[in-house]
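Below you'll find a set of structures to go through.
You will see two complexes here that share subunit A, one where it goes with subunit B and one where it goes with subunit C.
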Partner chain A sequence: MTVFLTGLQYLGYILIFPGFLFCFFCGLLLTGIDRKLVARMQKRVGPPLLQPFYDFFKLCGKETIVPAAASRTTFLVAPLVGFAALVVVQLFIPICGFSAFTGMADIIVILYLLLIPALAAILGASASGSPYAGVGLSREMVTVIACELPLVLVLLAVAKAVGSALGTGLCFSVSEIARYQVENGSLITRPSMIPAALAFALIIPGETGSHPFDTAEAETEICEGMHAEYSGAPLAIFKLTHAVKLLTVTSLFVALFLGGIGTGIAAVDGVIVFALCVIVTALFVSFVHAVTARLKIEQVFKYYWTVVSGLALVSLVLAWYGL
Partner chain B sequence: MFKKLIEESTAKSPWLFHINSGSCNGCDIELVAVLTPRYDVERLGFKLAGSPRQADIVVVTGPVTRQSLDRVLSAISQVPEPRCIVTMGSCPQSGNVFKGSYSVCAPLSKYVHVDVDIAGCAPKPEAIIDGLVKATEILKEKRGQM
Partner chain C sequence: MNLTNMMDYHHYPIYAVMVLFLGAFLVAAGGARHSKNPDNPAGARAWIALCATGLSLLFLVLLVKPVMLGGETIAYWMGMRGIAGGYAIGIALEVDALSLFFALLIATAVFVSAIYSIRYMVHDECVPQYYVLYCLLAGGVLGLVLSGDVFNMFVMVEILTFAAVALTAFRTKVYGALEAAFKYLVVGCMGSTAILTGVILLYAQYHTLNLAQLASLIPGSMNDATKLAFAFLYIGFSTKAFIVPFHPLAADAHGAAPASISVLISGVLTKSGIYAIIRLTWFLFQTMELGSMQFMLVFVGSASMFVCVTMALAQHDFKRLLAYHSISQIGYVLTAVGLSSALGVSAGLYHAMNHTLFKGLLFLAAGAVLHETGTTDLGRLGGLSKKMPHTTVLFLIGAFSISGIPPFNGFASKWMIYQATYQRAVETNNIGFLLATVIALVTSTLTLASFVKVTQSVFFGQLPAEYENVKEVPFGMRLAMGILAALCVLTGLFPNTVTSVLTEPAARAVASVGEYISAMGFKSALPTPELSFAHVGVWAPIKWLLLLCIALLALTIASLAGKYDRVSAPQEEKTDTKYQLFYGGERSVYSQVGGGDLFWGFKHNWRHYFDFMHNLHSGVVNDYALWAVIALALAIVYMMIAL
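Let's look at the complex of A and B:
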């Protein structure tokens, strides 16, 4: 009986909160807010707040075309794999002190799982047999590699800062980091963590493939790049993955640097966390989108491995000296 | 209920794919102008798609030159159902000043079913928006029949 109940509980985690349904609604809503904000910043009226929902349902109702040159199974399964991986990441990220799964080293799990959507997109693109997708996937690979180094450095800096405060060396548990912040205040208030937080904020548009780092999906030059051959429901899942990734990365930012802000009432804290996600999106995704143009791929790479990695490295060194 | 939801969404999220079939660039500029802050058709959910596979509405400009005819038809055939074909400007409807030329195949309606014609050389932005909104209604109808 208890096994059955635990099973039901985990099924609830995966399907409802903080799994599939939560990701679906909050992710698409966050993207809608982002599109509206960008439009307002460009002095446009902008699409309605629910536009990503309309896009998703419309794409579900379209015909799905599988190109003759494509390998059918990989082409159709790849988007599902990427989306499933993202939902799993969301289960590990603590939202107002609650995370469905906890572990000794969930930062490392998150790091690997965050790679899977990009890899799935690359896999699907290479299975589609389109030259545009080929160009797109090579660019996506470079973007992934560019973002990965600063992301690892940021996470190391956070792990070191919390670990040395707790006296355990390196702390690779996100739930542990969240608990530490509830007791000792947000990490962003510590001088050593400010460069790391800035570096992570600069990684967000790169991770989510937003302007000016959307070189892999350049719709004006390479026909949407990796998604060039996708239509109908698989494309809808790719768009959903894109939206959920925005939620995942911003809520990871909130969990790592802005934790411990709240009242102690779960429902209010949930709203506060979502509001913080919106603020992070507005500052580092929408604003950046509205004021910049697309970069070339070598510029993306150079920027991440010099400026952003440098910031993260400064933070790591400061954390090592216990600031 | 789900069917109804998809039908409503289809009318609210039409993505455009723009094909230039030898146009003088006048209509192309006007189409892009409709997306700029002054007219901003994104408020109705319109978006320019990069690939014909992701489009709902195909906007064809230009008098369909013999060179471009095969390309136009192949691009249109790649658009998934339900789809809507809109011709923009006088050229794809009649050939405009190029009518009778050996290298021009207009009207486009000889080769594919055209849903909406937006007349003008080049059409006014208001006319373009009106035509595109009519196209979304046809799109919704087509989705209902699927």
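Let's look at the complex of A and C:
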């Protein structure tokens, strides 16, 4: 009986909170808020808050067209794998003190698990056989490389800072980092972590493909790039993945730098984390989106490997010398 | 000698080597005529080679229980000789867990590649000779890792180098094959000569060639001549492992050799070089405690990692690209081994094993493409996934593995390497190890980029009209790839089993030099150290996979309940030009999405670096020979100062 109940509990984690249902609603809602905010900042009315939900359901009802040049199976399976992998990553990110699954993945693993949705999108685009998708995937891959270096430096800095504070030297476990923050206050309050937090915040628009780093999609020049040949339900899944990725990356930011604010009740903490995600999105995604124009791909790369990596490196060096 | 005595497992190491040489002899005795069967021009001789490699693997697998799990070190004297007057007389084999670990990798790769060869080599000339050389190469490498004395290591290096050179030039009609073989011959011979010089210097000093005895004598009596010998041996074995600055040879050799031989050069030959470097640094000279030696290996390893991955990004030939990745992955192994920590050695060996598996798989996939289309030029291929679906899936498994995508094996070992390097950086407070961690992490992403390029330009994208009639490769070739792919997945999903059965015993053997010396019958006061393989990270691939499967299942049910499967039928092919693909006003075939230019955004920022590298790798053998001389000179100076 207890086995059955535990199984049911884990199934609940996967399907409802913090799994599919939570991802679906919060991800799309976050995207809706982002779109509304950008519109208001640009003095437009903007779409209704629930527009991403309408888009999703409308796309689901549309016909799916598979191009003649496409590799059919890969083309259709890629969106599903990418989305499932992303939801699993969300399960590992602690919500204040609460983690649904502990002891399964550390921050380095999460870094690589976050690659899977991008890789799925790239393979799907590649399988479509379209040259627009080819250009799109090339840019997406370069963006991934661009974000990787600063992200690695940020994670190493956090691992070192928490590790030396705990006296273990190193700490890769996300739940440990969350617990440390519950006991000692958010990491962002430590001066050495401020550049790292800023670097991570600047990575968020790159990871989620938002302005000015949306070169991989660039509707106006390469017809949405990787999604050029997608239509109907697979496109809906891609849009959903995109929305959930915003949630995942912002909640990872919250877990790493703004942890320790929770109340101990999972549902309330969920709301708090979501509120923090909204604030992070508003500051580093919507605002940046509203005031910038799209960069060229080589500029994206240069920016991440110089400015953002430099910030992260400052943090790493400070953490290294125990500040 | 009765049968039970003959089947004592202490004889198995020599049996494993002998069956391969015997196989070579039997194949050669069968003559050079092609048989009438068009599917197997070597006839029974191919089966002899397959049996020899299979038997060799079997003997080694039977040794896992006593050596890996039982912790025994087998010392085996050939011809009943032994120690006389305090000196080792005669030829000895010594098999500890480290030797056996590498021998198992080698035998697996050799066996799988032999399965593949049967159908792969059907269109070639002189196929029987191919199997002779194949068995010689395999026997040479296996003899090298099982040998108990340093002169035999040199003999085996000679055998394997000449077999490898001949096999590189095997397809004489392939453009560049003879040139590649010549380059390999020149620099390879410089390496072999360096090894011989090192051996002579050691023999002159210590009057023995036995590894165990040398290991007991050298550390207490280091002088300039010993240091010189070390430098010569290190450079000699570096040429065999193709680490920086000998990486251009690998690219040429792999580009020209048949794919089944590329598997051996990359998965087997480079391993023998790495094995010899571990034996030198950890056993013979016992220098791994020194910061200078750790620096050297980590530096060379990191340089190999980064230089070769960027060189790979610039390639537009499938096999040359794989060749550079091969060295890049060897860089990971060398870096991890150079950390001089138990976790590092275990991680490095794990990666060495994974490298043999996934790189073998990738070379076989490249061979499959070459076999069906006749080219490996990334600019001319495309869209093969529709014609060769199985090869595509197998290639993708290999590509995910090498790029370190969870849950495949490359991730498990790289993840251990990241931790080992970072842990070491924190322990020693040395920022150099931290840099190695960052380089390893970034290299992994660049590897992924490179394989996205291959996937896009070979298996996906548009199918050129000339490959309209391409078929899937025969079952024998798919079987060989399937074995390696299955091993890639299994070793990725069960990292704890792999480490406890294979890499940790081997890492323990690396640390217990005293046992290695005393097993041969020499006295050693070296203590057996207490090792800790503890690491701070957590990764449970099975649980993750379970979660992913549940999530995927839920998603699939939801999609099927929705309208995901209501896909409109593909339209019939339209031949009118107005239906053709255009990009930026040009026909899609002329757009920059294919081959070499795919990651323009990255390469543009690094253009000065790429220009520099392009000019440096001139392809002239004189230059590469000069590099070898410079490397040797630097190594000598470094050893004199640092040791």
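Simple rule for what comes next: the second predicted complex is superposed on the first by the 313 of 323 C-alpha atoms of A that agree within 3 Å, B and C clash if a C-alpha of one lies under 4 Å from a C-alpha of the other, contacts with A are read in each partner's own complex, and residues count from 1 in each chain.
The criterion applied here is as follows: contacts are C-beta pairs under 8 Å (C-beta built on N, C-alpha and C of every residue); 3 or more make two chains touch, one makes a residue touch a chain.
All of these numbers come straight from a predicted model, not from anything done at the bench.
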Partners on subunit A (subunit B, subunit C) - clash or fit: fit
Which superposed partner A:132 touches (first subunit B, second subunit C, both, neither): both
Which superposed partner A:305 touches (first subunit B, second subunit C, both, neither): second
Dominant toucher of subunit A (residue count), subunit B or subunit C: C
Subunit B versus subunit C as contact partner of A:5, first or second or both or neither: neither
First, second, both or neither for A:293, with subunit B first and subunit C second: neither
Which of subunit B and subunit C A:108 touches, first, second, both or neither: second
Touched partner set for A:60, first subunit B, second subunit C, both or neither: both
Which of subunit B and subunit C A:169 touches, first, second, both or neither: second
Contacts of A:69 with subunit B and subunit C, given as first, second, both or neither: second
Partner chain(s) touched by A:267 [first = subunit B, second = subunit C, both, neither]: neither
After the two structures are overlaid on chain A, angle v-u-w for subunit B, subunit A, subunit C in degrees (C-alpha centres, nearest 10): 110
Shortest span in Å between Cα atoms of subunit B and of subunit C, once chain A is used as the common reference: 8
Doubly contacted residues of subunit A, that is, touched by subunit B and again by subunit C: 60-61, 63-65, 132, 232
In the complex, subunit A residues that touch subunit C: 11, 14-15, 19-20, 60-61, 63-69, 71-72, 74, 76, 80-81, 83-85, 87-88, 91, 101, 103-106, 108-109, 112-113, 115-116, 119, 122-123, 126-127, 129-132, 134-135, 137-139, 141-142, 144-146, 148-149, 152-153, 156, 159-160, 163, 168-173, 215, 232-234, 237, 296-298, 300-302, 305, 316, 320
Partner subunit B, residues of subunit A touching it in the complex: 39, 42-48, 51, 53-58, 60-65, 132, 218-220, 222-224, 227-232, 235
In the complex with subunit A, residue positions of subunit C that touch it: 383, 385-386, 392, 396, 404-406, 411, 415, 418-419, 422-423, 426-427, 431, 434, 437-438, 441-442, 445-446, 448-449, 452, 455-456, 459-463, 536-540, 543-544, 547-548, 550-552, 554-556, 559, 562-564, 566-568, 570-573, 581-583, 588, 591-594, 598-602, 604-605
Interface residues, subunit B side, partner subunit A - complex: 5-10, 12-13, 37, 40, 42-45, 48-51, 53-54, 56, 78, 80-82, 143, 146
